[in-house]
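The two complexes that follow have subunit A in common; it is paired with subunit B in the first and with subunit C in the second.
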Partner chain A sequence: MTRTSKQTASRNVKPGEDFEPWESHNRVPLLVIWIALALGVWGTALLFQDQSSYSVAQGERAADEVAAHDAPEGGAALFLANCSTCHQPNGVGVRLAVPPLQDSEFAKAGPEVVAQIMLRGIDGPIRVKGFTFDGHMPSFAAALDDDEVAQLASYVAGRFGGADATLGRDQVGELRDAHAGSGSWQGGAELAGLVPGLPTQPAMPAMAQAGPDPAISDLIFAGKGDVWSCASCHGGLGQGAESTPRLAGLSQGYIVKQLRDFRAGERQNEQMSFVAKELSDFEIEGVATYYAGLRVDSTARPALGGDLARGERIALQGDWSLGVPACFSCHGPSGFGVGADFPALAAQQPAYLASQLAAWAGGHRNNSPLGLMDRISRALPESDRRAVADYLASLPAVPAVEQKAMARIEGGGDEL
Partner chain B sequence: MNRYLPLVLIAFGILAFATLMLVIAPGIQMAQRTVPEGLRPYSEQESRGRKQYVSLGCVYCHSQQPRSPDQAPDVERGWGRPSVAGDYVFDRPHQLGTMRTGPDLLNVGVRLPSESWHLTHLYQPRAIFGWSIMPAYPYLFEEKAEAGPEDTVVVLPEGFGPESGVVVARPEALDLTAYLLALDRTYPIPEDALRDDGYARKESGS
Partner chain C sequence: MSSEHQEDAGQGRSAKRLILAAGGGLALVALGALALESGWVPGWISGRETVENMTQSDYFQPPSDADIPDSPFGEAVKRGRDIFMNTSTNAGEYVGNGLACSNCHLDGGRQPLSAPMWAAWTRYPMYRKKNDQINTMEDRVMGCFTFSMNAQHSVAGGPPPHGSDVYRDLESYFYWLATGAPTNVPMDGNGFGKVAKTDLGYSPERGAGVFAANCAVCHGPDGHGQTDANGRIVFPPLWGPNSYNWGAGMARIDTAAAFVKNNMPLSQPGKLSDQDAWDVAAFVNSHERPKDARQGDMTIEETRQRFHDGDQIYYGQKVDGVLLGVGTPDPERPVGAPELPVGPTPLE
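Right after this comes the complex of A and B.
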């Protein structure tokens, strides 16, 4: 029998009924094992490399921040952390909103006066370097301990007022005890008793200030026959909530423009159109004046889950890779608002801000001068819109601006 | 098929496991929840309003469960932060809803805090939103020639009210409005809150 015929014969044999196919155990080729091992090592190495680049980036960012602040210590660091948001890093303040520290009469008066102002805060009009400010400075008594107040007061008086004297921790302790529970300074008028030789300070307005016209007041708090009251949605103090905007401290010109746009159908919102079409020009002006003059603490809190660091970056520096300028380049430092075209953003309700950015991006709101906000909003991705809205909500509220000064600015061409 | 005992045992085991994971464990988790700080029980009037809400079938068009930003842009719509289990401790039966023909209402009392707005809107939604598809509820109101001292008059634009006289709210409308205004879950999420974060990654840590 040849070999070929043998094979043919075996192929013809039918397997038995109980036949089970089987395969003997073969070793996995060594090459495959090595490849698998190498892949594993490579993956693990990548994992660690990725982590180290995270920590390197974090380190770089921290180094950047320190470098930007010139590695400050003591009073300088406290100043940057607590004061520079409003008084600006160079101490020049914000025109019409925040008094300057540089060469101010109060900084020149020495660290003791500065410490007393920091411990109590100021409410009411104050005249600094020839300009009147009517804002609110919070008390730092609870936020800083004696040592920090002493360092900060010495730093501010030394850097901006040229004072040589420094203040000790014990002296601050005495001042703190002396001023405990006395509330905020009632404007420059009360501080005049503390600092000799001040220029004439504006008088503190009486508490029973002449309110708005009774007709306006009724409209705000009770509504008219055919419209709801302003306060019923925007809150008694115009603080807003969720998608209802904060009105307190928005400029008069801005509120007037928005109400007229609602009335004319140039800004769409069914509820505000319902109200605005029943309002006369006199009522619009009166309501706007009322809300522009209100000083109310912020009730807004970051709520959209946005990245606050990213929001801060957009607000302060913009993002030129997206073609987005810094919010504050138009809306003023700290988002205080500038004139009638650039409303205050600080302490605005985050859901409202985000919804307006979305409305501009989607073309549902288009009453921005020159279409500025349309383009900016379209360039911001959704996560950035939330980030910036959350950051702005975390800022302190806008100090009210003296109405006359505002009117002069809006009229244009003044030496201010 | 003669080894039915292991089959029954395995089937029973699977059922027992499912019951443990889907019924018993969540039950234990829920039972540990306390009332969140900032949430108060409904007042008597608000509870009556809640019954109105249930009986009018608001739940068929309005949900009461804002989603997290990675699932839907609810926070940007002003509907409030994503809800957690503790937000519903006083809600029996809950009105979570699944349909969103209309907006979510879990925080409507914050977003729209005006009683007179709600009365106008319940009487005739199209008085405010010309495009609204919400039914009107005129039977919660009555027309009077003149409002009494106790009456709450509904603010209506021309063409939506009666030819003469005024529309005043019945107690049912006032109760329902009181309930809607009480819907406020904007207090911060409690530390021990139980919630489904979905695919959310913490953005703040980055």
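Right after this comes the complex of A and C.
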């Protein structure tokens, strides 16, 4: 009996009171089986694929953690991560730019001296092994804890200075308290008081200590007319927060260009356009000069769940398979910035950085010279943008540069 | 069979067809999705393949730094890499300008068409017209120090002597980069590539505009490069006393045009047209730079005839009425030599 005749029969004959609906046992069409099979294969394969990439990712992460924490002993790993981009992995520095640590008078002076330099940083000329350097070293006080400073100082003094002494965490804590709020070492001249027997150090050039013009100061801290103050969003010292950028230590030329771009509508941001439209050229330059000269510890911390090892790789080496060169190949070897067009990246707020990378990628920010950042941001997947923003947030803040050096850099560096 | 039966049968068949068609479609979609997920679909269909992947996947893939072996050989590779990246410090005695190997050989000597070292390593020993002899890799690198690194103005006053550890370490690095590369076979991506000649030829005047629009933001309007706050060179000087000298390959306009076309601006290779690449290369190389290290007691014209005849170079020619090849003034003391003591001398 075929299915159709059965259906017809049931339609013609009224079912009785005790009728129970039934279905005869029919073979499942072959095609349905194929479909089910295909779906099954698909599902399993997908599951397996996800599983394998998950376990690969797990493996990589574990390997990274081992590499970061266990592979070389603490001090060596900390040195590679925090010191080697400037002082180089072999501690020889960079000719005419970054002082050597190897056999330097300061490494030989022992871990306590090294720790005090790390905690405060340096701003001023310093003479090391017969060469004078225009010393601008960041303070690591905010980037490293007491234990890390102790390990690093002991390692540097031991490896490069041949010192036997080591430093403990508690001693670093005491040094940190003693030096809190003292600002950076004013070159070798001030360090000469700390390290006996140093060769003659160059004198610290006189710095213009005059504060900003009162009108500029009002603008920064109190605002003007309808315009709120800079400090109300960017913080009293321009340290920024979340998606509000850090301004301290950005070059004067960069801040001026951004404010002019906001004013002219070349860069989009509702709040900033409103503020910038009320500013005169004089005010823009005054505000920019103020923030460019500020040296403030980093308040940024990795916050986006980015892969720091991946971020470090992009920043230091780039990913040339994506056509992305190292961030530092333009923004300077420690993310300190170069001239007016390549802003400092070190210690920038990660949420802000990631939002700007996304804006370039999406075509919402268009004021990068030659469209450099547009192309690079588009090439970076979202996870890489978070990774690199988080890595840069882990760096110590850019040292403020005294006006003389700034003029030289922006003038094109004729004394290379 | 009644007509009603036939009608029902017809309805059933069309329903069955519908179910089968929908089911079959579903199966196809599922299998297609599976194929896509697994990456079996060619990039031109999935649209996932980026331009870079299509152009670069054919090139030789050198190992990455993480693969450097933990052995005495690995130590030499690392030293070689450090010299390559930070030449003015790690081989500073022999560097008389502000350049490093990695300024022209991008990505640590890995980038195709920026004279990658994995391709160079397997081509030596080679006959070179430049010095009319068989050149080993050591001879070749000695040439780099002499011309591109302007060793004449360095503390040593010349390139590392034959047998120097500088060559040992650099060659270890190159050899390691070429792991698995075929020997004595020209490899895709070697050298800087070539730029086709254009009908207009090249012109420094046109090049000035190209430079201002595309290069000055990094290399500075005066081409002298830019430094960071510590005076560390970030963007290399293209002319002037801190750049390569007149004997360097990059001083030739065809070589510079190929480098520019295939590598500049950084992250946007190929952005400039062939014409712009020729013009800007001519502009860059129409400025004075340190003298040809081979000049010695010869005149510029003698040096030109002996070493530059037939080359695409402005050496010994007048551009805008100025004779080029004279060289920038010699430095007061060798580049990177220790300074005189500051402050009171021991006698005081």
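Here is the rule we go by: the second predicted complex is superposed on the first by the 208 of 416 C-alpha atoms of A that agree within 3 Å, B and C clash if a C-alpha of one lies under 4 Å from a C-alpha of the other, contacts with A are read in each partner's own complex, and residues count from 1 in each chain.
Here, contacts are C-beta pairs under 8 Å (C-beta built on N, C-alpha and C of every residue); 3 or more make two chains touch, one makes a residue touch a chain.
Since the structure is predicted, the reported quantities are computational estimates derived from the model, not experimental observations.
**Student:** Tell me the contact category for A:G306 with respect to subunit B and subunit C: first, second, both or neither.
**Tutor:** After superposing on A, A:G306 lies in contact with subunit B but is clear of subunit C.
**Student:** Contact-wise, after the overlay, does A:G173 reach subunit B, subunit C, both or neither (first, second, both, neither)?
**Tutor:** A:G173 sits against neither subunit B nor subunit C.
**Student:** Report the partner of subunit A that touches more of its residues: subunit B or subunit C.
**Tutor:** C
**Student:** Per the contact definition in the header, classify A:D226: touching subunit B only (first), subunit C only (second), both, or neither.
**Tutor:** The answer is first: A:D226 touches subunit B but not subunit C.
**Student:** Report for A:N90: first if it touches subunit B alone, second if subunit C alone, otherwise both or neither.
**Tutor:** In the superposition, A:N90 touches subunit C alone.
**Student:** Output the subunit A positions appearing in both contact lists, the one against subunit B and the one against subunit C.
**Tutor:** After superposing on chain A, no subunit A residue contacts both subunit B and subunit C.
**Student:** Taking the complex as given, what residues does subunit C use to touch subunit A?
**Tutor:** So the residues of subunit C in touch with subunit A come to 2, 4-5, 8-9, 12, 16, 20, 23-24, 26-27, 30-31, 33-34, 37-38, 50-53, 56, 65, 78, 82, 86, 88-90, 92, 95, 98, 106-108, 110-111, 214, 217-218, 220-222, 224-235, 237, 242, 265-269, 336, 338-339, 341-344.
**Student:** Of all residues in subunit A, which touch subunit B in the complex?
**Tutor:** 223, 225-229, 232-233, 235, 241-244, 270-271, 274, 278, 303-308, 350-352, 354-355, 358, 382-383, 385-387
**Student:** Subunit A touches which residues of subunit B in the complex?
**Tutor:** Listed in rising order, the residues are 68-69, 73, 75-81, 107, 110-117, 120, 127-130, 155-158, 186, 200, 203-204, 206.
**Student:** In their shared complex, at which residues does subunit A touch subunit C?
**Tutor:** The touching residues are 3-5, 7-8, 29, 31-32, 34-35, 38-39, 41-42, 45-46, 49, 86, 88-90, 92-98, 127, 130-136, 199-202, 317-318, 320-325, 329-330, 332-334, 336-339, 341-342, 369-372, 375-376, 379, 398-399, 401, 405-406, 408-409, 412-416.
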